[in-house]
Amino acid sequence: MIFPKWTNSLPLVLLIGAGLAGGGVAAGVTYYLTPKYTRAGYQPVQPVPFSHKIHAGQLGVDCRYCHNGVEKSWFSNLPGASTCMNCHNQVLKDDPRLQIIRDSAANNTPVPWVQVHIVPDYVYFNHSVHVTRGISCVACHGRVDQMDEVREVKSMSMSFCLDCHRDPAANIRPPSKVTDLGWQWSTNAAEAEHLQEVNGKKFVHDWKVESLQSCSACHR
Amino acid sequence: MADSVTNLEELKRLAPPAELGRAPVVEGNQGLGWLTDKLSAFAEAKTPLWWWIVFLPAAFAATVIFPVCLFYQVFTGVGVWGNNHPVMWGLDIVNFIWWVGVAHAGTLISALLFLTKQHWRTTIGRMAEAMTVFSVMMAGLYPAIHVGRAWFDWFMFPVPNSNGLWPQFKSPLMWDVFAVNTYLVVSSLFWFMGMIPDFAVLRDRSTTRIRKTIFTFLAMGWTGSARQWHNYEKAYVVLCGLCTLLVFTVSSIVGLDFCTAQIAGWHATIFPLYFVIGAVFCGFGMMLVLLIPLRKLCNLENIITKSHIATVAKLALVSGLIIDYIYMMEFFIAWYSGDPYERWVFGHRLFGHTYMVMGWILIGINVCVTQLLWFKKIRSNLWALFVIGLLINIGMWSERFVIVVGSLYQDFLPANWGKYMPTIWDIGLYVGTLGAFFMLYLLFVKFLPVIAISEVKGVMPEADPHHPLGGATKGAGHE
Amino acid sequence: MNHSPTSNSATGKRYWRSLDELADTPEFKDWLHREFPVGASEMVEDGQSRRNFLKIMSASFAFAGIATLGAGCRRPEEKLEPYGKQPENYTYGDAQYFATAMPTRTGAIPLVVKSYEGRPVKIEGNSLYPGSNGSTDRYAQASILDLYDPDRARHFKHDGKVVSREEALGFLDELSKKFAAKSGEGLAFLAESSTSPSRARLQKIIADKFPKSQWFTYDAIDSGIHQRAATQAFGRPVKPVFHFDKAKVILSLDCDFLGGEDDSHNHIRKFAAGRKAGEGMSRLYAVESLFTLTGASADHRLRVAASLIGQIAQAISLEVFGLTLPQAKSAPVTVPAGLDAKWISECAKDLAANPGNALVVTGQRQPLEVHLLALAINSALGAFGNTIDLMPSSLNANGSVYLSQPAEIAGADLKNLDSDSIDTLIILGGNPAYNLNWSSKAKSVVRLGYYEDETTEKSKWNFPATHYLESWGDAITSDGSMVPVQPLIQPLFGGLNELEFIARIAGESQTSAYEIVRSGFGDTDENWKKFLFAGYVQSAKAVPTNDNGKAIEAPFIKSYSPPSANGFEVIFYRDAKLDDGRYANNGWMQELPDPITKMTWDNAVLISRKTARDIGVANGDIVEISLNGKTVSGPIWTQPGMADYSLGLALGYGREKAGRVGTGVGFNAYKIFFGKYIETGATIKKTGETYTLACTQHHWSMEGRPAVREANLDEFIKEPTFAQEKFHGVEPPVVQSLYPNPLDEAKKTALHQWGMTVDLNACVGCGTCVVACQSENNIPIVGKDQVKRGREMHWMRIDRYYTSDPKRKNNPSIFDPRSDENQTDEKQQFAEWIDDVQAVNQPMLCQQCEAAPCESVCPVNATVHDQEGLNVMAYNRCIGTRYCSNNCPYKVRRFNYLDFNKRPLTELKGTIYSTTLTHKTDGEWDLLRWWKDPNSGMRSEDEWDLIKLSKNPDVTVRMRGVMEKCTYCTQRIEHAKIAQKAKAGASDHVRLSEAAGTVPKTACQQACPAGAITFGDVSDPDSSVSKLKLLPQNYSVLADLLTKPRTTYLARIRNPNPHMPDYHDPFSTEEYENGSLTKKGTS
Amino acid sequence: MSEKLYGISAEFDSPAAILRAAKKVRDAGYRRWDAFTPFPVHGMDQVMQLGNSLVGWVSLAMGAGAFASVVGLLWFTNAFDYPLIVGGKPMFSVPMTFVPSYIMLIMGGAIGALVGMLGLNQLPRLHHPLLDHKRFDLVSRDKFILVIGAQDEKFCATETRKLLEGIGGAHVALVEDHD
């Protein structure tokens, strides 16, 4: 006899195995073969241990103090070292950790910050229009004011963008509050949610906020 | 007890007089045992020389020319081909349609003729199905690799992804994706299921352990019990039904690629039918090309009898005539519609100076040569049929060329007009697929049952319990 | 145009300084050490810039899966490197606009240049400039590519060896001292003509300081003749400015004022203004030998050898003056044989009938006497002050502009060029070794040049020149106002400014070009800033000094014998793309189809059908032309409408040392050029060789199809809606779609609906839009071989059809094999109908169909409609099935058959397609390079870096295997919308409105001199595009396919003179009516 | 290795013969028996009262399932999850849906037929006691074997053997089931 009796159970085993494998492949494809910009959790080491937690959180420096281009440009610029020195020529003036900053300010060598949030080249995200129209930094960057080292918290994938573009009302808030990352409509969660819904709809209507889902909105 | 009769004289005596029945499916039948030996002989015999002579070049084309052309294209760009602007599709799509066409006769023969209880099909069905499976493989390849960024083909499958994007199902190309995949899956499992009982035969006959292991595995424990046959027959009928639908669906969908487009020369409601018949016609041509040598080389002359070949020829004639009618209609409608663009395109198919050669090859073969099949002399002359089979394939290839290129190179605005000339890489890829096809086919011929053994046995008089040869006692009818 | 406030405060200068600051960094020294471009490397290295560098689709996403599996989550680390010192009031990522100007031979084109991070990316005309519509010409659009040309001269060289900048400048100072000592003895300058007041002043200084020095001026293409003729006729330095808008009847005597003449974009603008469809549109008679853009726009065209045009002018003058003309008595004036005297007399009558509204213009290639005669006629017709203004060609304050030496009489001077008396010859620009048959005996030749070209080899010292976008300067526009030339970027290769170069030789203390221009300008800093900001000064504008009716002594023109098979006439003309050869290394220009022949990457011997038949040649046969003992060989091209026995040779090709793009393209007609643009007595000989020419349009005839629709003025007035009524191809009125179009639903909520009209009556087919589109949208060049294969990438093309009297076409039935002369692209050149043709132009770009055939066939949703009616294309989603292009009736989609953006320049002309599998770049295997950096191309680093600099960051750079197309410059639309929304903030003022000037212009629209293209919001009834679409002559191409295009066309109106012998309906209309195909309408 | 009795086999020479035998066996009241033949013997399923095969239903079910799920897929992807304006055509319509769902119906049905056949026949089953039976190899050639299973309650080694011999079975033999 070539095949012993136990082989009769083989087909079943194979069937289950194949099912699992297939599922695995599908999952793999879904994750890997899609543009690999679903990178939540990325946290590179920065040349200077700058803490947003201290500056934005505890000291309450407004985002726009350093990222001053964010309302004018598609790009939320990084401050030149000169901006840092505005304070740090008094505060911690000879802290070794700030050496790079001082050098940069002195002889105009750029500080090699590592970029955290990146979208592919063929995506044209524009900060100014989002910020001025009441989409808060927190919507995409999370509670940066609570991070010591900046970390990517949202996936930044296309579907992530789409979620908000399909329902702007869920994230829109008074433009005055965009840089107030912790801001809520109310301390009471339930009420806040309700107000967000009501006012969100109102803003979207009053400001003629478009729910852009066609290619041209982001790809050129 | 009436012992079953096995000697030749007795057979002759008991066989129904010719005028009562059709010509026997198998000539010189000497009983089931003899039949079994004969049918499984080739798969068991030592590999003959001619097989190597054909196999090696085919294998070379398949394993060297094919990958080279493929990778060069994928890593360099579609630009290595002759495709241009306005002729965005060239040999890539021409060959795609052509291969799909070749596939069709296989399914038609094995499925449709089964439903219509054509016993003679049992002898050539298996070969036809194999032809189908392999040529669909070749066909399916082209849409996958003719795109500019083949590594993104998966965009065409509804895979959930972080882009939140889906395929666009209004596109006939999407329908193609479905159609071709379905055709591949269905035709191959139809082919495989048909072979299960024959695997059992080879299993039981196998002498070496390795053969026994392989065929035991392939036969999947087929015992030929009445219960198994019971479900098997049912499944087979269902599959035949579905395959018959496929014959008419797949090419129709390929036709939709063109008739849903706006280009003059494509934009015609006749296309689905046109493509189906064209495919079948082309397929019968290929059948002739494959059967005529193989029946000789595999020593199956009295299984695949001349009358079977002749019948294939008749079918080719019929489909050919329908094609000719469609040509007439196309030209007539083009003229009758009064649409200047239609008129221009069709006028230029025959008088267009640039591609009129292809146009006249098409007419010369598909219209004129086909008519030869009216004559019994031709139909019974294997050499003639073989040549005609070859010609039909060429004719149908040129038809696809005329349709694809001939409609694109001169479209609506004269400023866009251009020309198309395939490059060495276009041709190389085609040669590669041809090689792959024949390589696979030869492997099939060598190692698998080329004839549906149990099916053939099933239609022998010995298989009929109410026939004397089936062991029925005199005058025994149904009790 | 939107000047950012920053540029207002300090204008280019501040920015220029800020780059200086950056240039002090250690990196800078490093680059300098590597002799690497300063400005460029600054931007290549500066990470922050790179973010906005170019948006390139790289294959990395392609194999993302593999990459990920292979090397874990593989993500190249992106650096963000801010400026150490934040530049004042400058927002990173904002485009900045600076006013400058591009100097031309006889004027300058006022420009506004868009720049990102100090990197000029797009050139537009300065719409603030009085009278300008913000348009430019082809050359200005393409000139930005020269700035980033990897083959530019990069080094100071002495005897072919690289020397340091300091050393080279030191040499100049010695030179200055040396010749100052012997008051310029043996010093000579060879310069091209220029209108720069600053240069004129320096020239004066030179003349004073080195009295014995010589100053030669040489232009291979001499546009100064209008000025010289007028000056001679009026006895004072004046220069005619033609007002085609004011003229009712225009006669062009071999004058291609819409194409080959200098300042053509202004002529086109004015001409179009005078051709508004309807009563009072002007009429144009063209008498010419070549088939030019002017001839294509003419209502009546007389095909005659160029050498006979003087006689025709004379015949016309007779009609105009009656027999008052002195020489009329002295010698009989004959109309050249074979010409219709009625044509000439009726034309002349028409002129005479419109005193004060008539205008006669003479081509710059015609001899001086014809110009003088034409001036006399104009004077008699009362043109001066009306259709012509005489501008003083000497200027206020800033010293006079020296007249350019006329080429033909410059011979005397130019002989001295070879004299032994010259010790040192200073060459300022130009390329005499190529376009002036010149062999210098000068002991040393010092050359300031933009390229390392033919002349470089003959020079002892070579100084790299700066691009006009890199240097300070000034110029006088053709209508006489002063414009600044201000830099937008540090000289990429540390080149030397012409002014500084001269100043150093002159031994001036002040050698900074900026200071020279500034001090020359004088005036207050306030006005200076205004000047730089606005880009011109009204105050300095010259006023016309006309004295009309001045009897001008008209010369008598002796009659030539017409050219024949034993004595051909040769016409040397300025190429529509390479000019005199200066753009030979400019890929955009090489690939731009010639406006008439549609030829790319070549010049040819233009010849008429009859002539070709007589000497038994066909297109592509190489012939050898002998003239005055010199010979040149080139391929034949049968040109419809060409005068018999005239050979048209484009100058500027056949460069032996132009660079990777231009070297060896075409043949060098200068070999038989001796300063006269019209030569007779040439002989021609077949060589038996053949050659393939690459045209972008193979088929000449429109085959009676109603793509372009025309009518004569009178008929148009009778039946204004002819374009829709007369021609079939009207949208069938009651076609009810089975399903509603979801776009109609979207329209209800969308803010805008974009649409466009193209006025075929205004378009002359100059091709400026094509280059503008290429520049704006990062469209790659593909090379001759690929063009031959029909794979050029232009999103916008100009279809040019030749139409002819159907009676002259042989049997047009398509079922008749004899009709092939009408059909095949090979045989059409032999067809008799092409002798006297009309030409029609049709700019063809994506029609943005509301029911787009391309969309429904795309399997992956790569091309869909957005809510504002744009047919958008997501390149990064495209997999390249090419089905969309098959299904596009207009064939306006273009496919990246190869990785055109990453192909090395060296492969442009070859037929080899490098594959990453085998190709090596900088000695490294491409697959490996790709693995390291997915953006890496197959181009060596320095080349690739410069190409990257030239790309517009607002548009994705497409990779191989994707389809691309026009989307009405969606990037500009989005920019405008975003700006508006950002401005609106928490309000609903989000809609762009034409009234408020917030609606963007498409690149083609902005560049079009004729203003033929109008883009805007069709949902806004007050927008100009909506109004145009209401015009009766508005129609959409192939409307019967029910694609519902958003781009529609305004039919072309011709205005022929009923009394003329060749008066008839537009040929296209006759062809349509007699067309064998269109007897029946489409169903 | 354990030896278990699987049944008793008898061999016949013609379809008619085994058909006659089968009738007798049935009449003798046996349940768990089967006839092994090189090809489906006409009338055998009536004799064995197999009734109508379920394969058809399996196939139909899977076909219909495929059809429905594809319609659902098309609606979800193109009309619900991410509706985009394409060629001025509706997001969801019969013409666009029919072709793919119809073709997938065929795919589903075909797979259903094969799966159904295998399932109902409990295939693949690589180990079968008969495969060891020395004369069983002839079944796939030209012999016809009838086996009465040992699990049959009427089964009795001697009686059954007698019966089989009685109805003309040759080479009557015990079939064992080795592991």
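Quick notes on this one:
When the chains are written out, they are named A, B, C and D in that same order, and each has its own residue count from 1.
To be clear about the criterion, a residue touches a chain if its C-beta (ideal position, glycine included) is under 8 Å from a C-beta of that chain, and two chains touch if they have at least 3 such contacts.
None of the values given here were measured: they were computed from a predicted structure.
Of the two chain pairs shown, A-B and B-C, the one joined by more C-beta contacts is B-C. Put simply, the chain nearest the middle, going by average C-alpha positions, is C.
Note on chain placement: the centre of chain B and the centre of chain C lie 57 Å apart, centres being C-alpha means.
One inter-chain figure worth recording: chain C and chain D are separated by 79 Å, centre to centre, where each centre is the mean of the chain's CA atoms.
Our note on geometry: chain A versus chain D, Cα centroid distance of 59 Å, whole angstroms. The multi-chain contact residues of chain C, meaning those touching 2 or more other chains, are 853, 856-858, 861, 864-867, 877.
Across the assembly, chain A contributes residues 2-3, 8, 29, 33-35, 162, 214 that each touch 2 or more other chains. Those residues of chain D in touch with two or more other chains are numbered 82, 84-87, 89, 123-127, 131. Listing the residues of chain B that touch chain C in their complex gives 71-72, 75-80, 82-89, 143, 146-153, 155-156, 165-168, 170-174, 177, 257, 260-263, 337-341, 343-344, 347-348, 350-354, 408, 411-419. Residues 2-3, 8, 26, 29-31, 33-35, 37-38, 155, 157-160, 162 of chain A touch chain B in their complex. Considering their complex, residues 1, 3-4, 31-33, 36, 158, 164-170, 174-175, 178-179, 181-182, 185-186, 189-190, 193, 197, 200-201, 203-205, 216-217, 220-235, 238-239, 242-243, 245-246, 249-250, 253, 256, 454-455, 457-458, 462-466, 470-473, 476, 478-479 of chain B touch chain D. Residues 21-22, 24-26, 46-48, 51-52, 54-58, 61, 64-65, 67-69, 73, 75, 77-86, 91-94, 749, 751, 864-868, 870, 872-877, 954-956, 967, 970-971, 973-974, 978, 981-988, 990-991 of chain C touch chain A in their complex. By the touch criterion given at the top, residues 62-63, 697-699, 701-705, 707, 786, 789-792, 797, 799-801, 814-817, 820, 823-825, 827, 842, 844, 853, 856-861, 877-883, 885-887, 889-891, 894-899, 913-917, 959-963, 1037-1038, 1041, 1043, 1075, 1077-1083 of chain C touch chain B in their complex.
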